[in-house]
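Structures given as structure tokens follow.
Same chain, two partners: chain A is paired with chain B first, then with chain C.
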Partner chain A sequence: MNRLARELVHRMEALKNKVNELLESGGIAGFLGLRNFGTEPFPFLFTRDTAAEVDKITTGAVRYPLSKILIRIAAVYPDAIFGIMCRACDERAIIELCKNSKLRSDKVITIGISCTDDLVQACKCENPQPSNLVSGEAGKKEFDRSDVQKIASMTLEQRFDFWTEQLGKCIKCYGCRNICPVCFCDVCTLEDQPLVKRGEIPPELPSFHLTRAYHMAGRCVDCGLCEEACPVDIPLRTLYRRVRESVKELLDYLPGEERDKVPPIQVLGDGLFEIRD
Partner chain B sequence: MESSSRFEPKIIAFCCNWCSYAGADLAGGMRLKYSANIIPIRVMCSARVSPHFIIRAFQEGADGVLVAGCHIGDCHYLKGNYIAIKRVAILRDLIDFLGISKERLRLEWIAGSEGDKYARVADEFTEKVRSLGPSPIKRIPFREKAVAMVR
Partner chain C sequence: MHYECIPTTCTYCGCGCLVVLQVLDGHLVGVLPGKTNPVNEGSLCIKGWTSHEFVYSEKRLKNPLVKKNGVFVETSWEDALDTVARNLKKIKEESGADSIAALASAKCTNEENYLMQKLMRATIGTNNIDHCARL
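Moving on, here comes the complex of A and B:
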């Protein structure tokens, strides 16, 4: 067994022990993580009844927006405390979901796992360190915003042609929305008939993507799942990253990074009135 | 008379009922002459202007969009214009990144007594948009292109 494999086993042991410990003590009603079915990792809710399955727990080589599933589980069991396996990006999403009243921060226990260096590099992750790290070591930062800079340095016309070409590839699969950990509305404006006509591809340029990008303002946690999910390789992350940056520049708010700050777009007026109850 | 081939932009102005629309009304009452390219749409508050309205206006071929509301502190609904300012600021950045000049979207505070300001903003903004030329969205041949690809 080489060093890497040993390290991996060690990480998994730490995760399994933590999950078993929490389940046995009754600290959590269930743990939402990934389980190997055959060779493929799938999301799985480990409970006390299925504690034997904890042995098959896996972190998976790829990412999965588990927080999206947790929203549904938490809606059915609002009083139960759930543990969730989360990478740094998942944790940022969970922070945003708590602020949007989709999850309750006192009902979620995050169990942080670190990303491998390969993954951090592939994601160009801004901040790969979850706060409650249980398994693995804190990864190195690999922040690179050259993609945004490259487009920002183009002229207006070049930019417009670039985006028209890119967004024109869209087959309107809604994959970006479906995988997005911070897209949680019950009714989606992108399925609203007067705004988006059914059965037409590409969708209207650029309003379809402009609408979605606007909705990412103050929410996007820069996980990059949208771009990974996109079957036609539209550089969506670059677009949403720019939105994230402009919210930071204009309103001084970085989604997912600031636990105690009220999202400025949710604040009605100058901060005296809040929309949240 | 200027040449008839001059580009005439189409500008949609969302005016809030309590200040800006009254301002526009006053401009008319004062017999002020201003650009006829501005098409005002009355909304109850500048916060009523959802970003979707602005995006739709551009999509349907507007060359510029003006959002006009009460001055900060004067909002009929107390805080509506604070919402408008945040929305427009973010959307301006966003359309600029997509290659539609941020100058095409403008936010102005126009009070009910400022008929002259309405006329001035209308003229200024029309000139600005005219200098920018037609909106790039109008030159996307996407529908034709998509149909051609299917064939």
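Moving on, here comes the complex of A and C:
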């Protein structure tokens, strides 16, 4: 067994022990993670009633939007405390969701999982280091902004042509919005008629995608699930990364990285209009 | 308190995308695209993303309806199938097998579609068989 395989087995055992310990002590009502269904990992809520399933827990090589799933469960059980398997991107999303009152930080216990070097590289992850790691060491930072730089180096005309071609592929599946852990509104502008006509693809260019990009300002945690879910491979993450950088430059805020800082978009003017519960 | 995901195949077209049904306390609450399937590789179209919505729809037909005196009336499957068989027989006798056509559906399985064409060709005796995608 090579070093990586040994580490994975060790990590899985440590996770099982941790989940069992939390469930038995009553510290949590349920643990949201991945369970092998056959040989494939899917999201599952481990509870005391389903403790036997903990044996099938896995960290998996694929990512599902666990934090978004937790919003749905926590809405039904607002007083329960939940544990959740957290990669660094999940944790960033949870931090933003708590700030937006979609989750309560005193009701969520994050159990950090380090990503394999392969996954970190594939994700070009800015910061693959979750807190409260269950075992092992966090992956090394691999931040690579060559995608943003490549587009920044184009002339305005080239850039416009590039995005018109890319966004023109859109089949309006709403997958980017549906999978996004920080897209949580009850009413979505992208379904607002007559702003967005029904039954028409591609949607109006570039307003449809820029509307979503604006809404990502101060929220996007750069997890890249949107791009993974896009059936036509639009480089959405590059677009939202640029928005993320703009928010950092203009408002000195990196969503998901600063636990105690009030998101700038939540405060208007002198702060009198701060969004509260 | 129970939340689990059930992998299954999207019912909308012949592609066969892996959809993951999210079940919370016995209720279907949403779908996710399957990440491990070589067909859709973590993506879905808008129909796949909303493929759970019809399940609890108030507009969903739960019983067969037969039109009697111009109005649809709920009835049993036995009665509905008898009505269809009786009328198909009558039409075939009066106007011939080629006066009947059938449209199968991409929402059905391969096996169900095979049976539909078998019914039309072997039982009714016509090649008038097509599918909903050409409507």
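Going forward, the second predicted complex is superposed on the first by the 268 of 277 C-alpha atoms of A that agree within 3 Å, B and C clash if a C-alpha of one lies under 4 Å from a C-alpha of the other, contacts with A are read in each partner's own complex, and residues count from 1 in each chain.
What we mean here is this: a residue touches a chain if its C-beta (ideal position, glycine included) is under 8 Å from a C-beta of that chain, and two chains touch if they have at least 3 such contacts.
The structure displayed is predicted, hence computed values, not measured ones.
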Fill in: Three-chain arrangement built on chain A, chain B and chain C clash or fit
fit
Discussion item. With both complexes overlaid on chain A, does A:S246 touch chain B (first), chain C (second), both or neither?
Written reply: first
Item to complete: Kindly classify A:I265 by the partners it touches after superposition: chain B alone (first), chain C alone (second), both, or neither?
Response: first
Discussion item. Once chain A of both complexes is superposed, is A:E157 in touch with chain B (first), chain C (second), both, or neither?
Written reply: first
Discussion item. Just to confirm the geometry: in the superposition, how small does the C-alpha gap between chain B and chain C get, in angstrom?
Written reply: 15
Worksheet item: Can you pull the chain A residues that chain B and chain C both touch?
Response: none
Response to the item:
Residue positions on chain A within touch of chain C in the complex are 29-30, 32, 35, 37, 40-45, 47, 49-50, 62-65, 69, 72-73, 76-77, 80, 171-175, 178-179, 228-231
Worksheet item: For chain C, which residues count as touching chain A in their complex?
Response: 1-7, 20, 22, 24-25, 29-30, 32-36, 40, 42-46, 48-49
Worksheet, complete the sentence: chain A partner, complex, touching residues on chain B are 51-52, 55-56, 58-59, 78-79, 82-83, 86, 89-91, 93-101, 136-137, 140, 142, 145-146
Worksheet item: In the complex formed with chain B, which residues of chain A make contact?
Response: 151-152, 156-164, 168, 189, 195, 200-202, 204-207, 210-211, 213-214, 217, 239, 242-243, 246-247, 249-251, 264-265, 268-270, 272-273
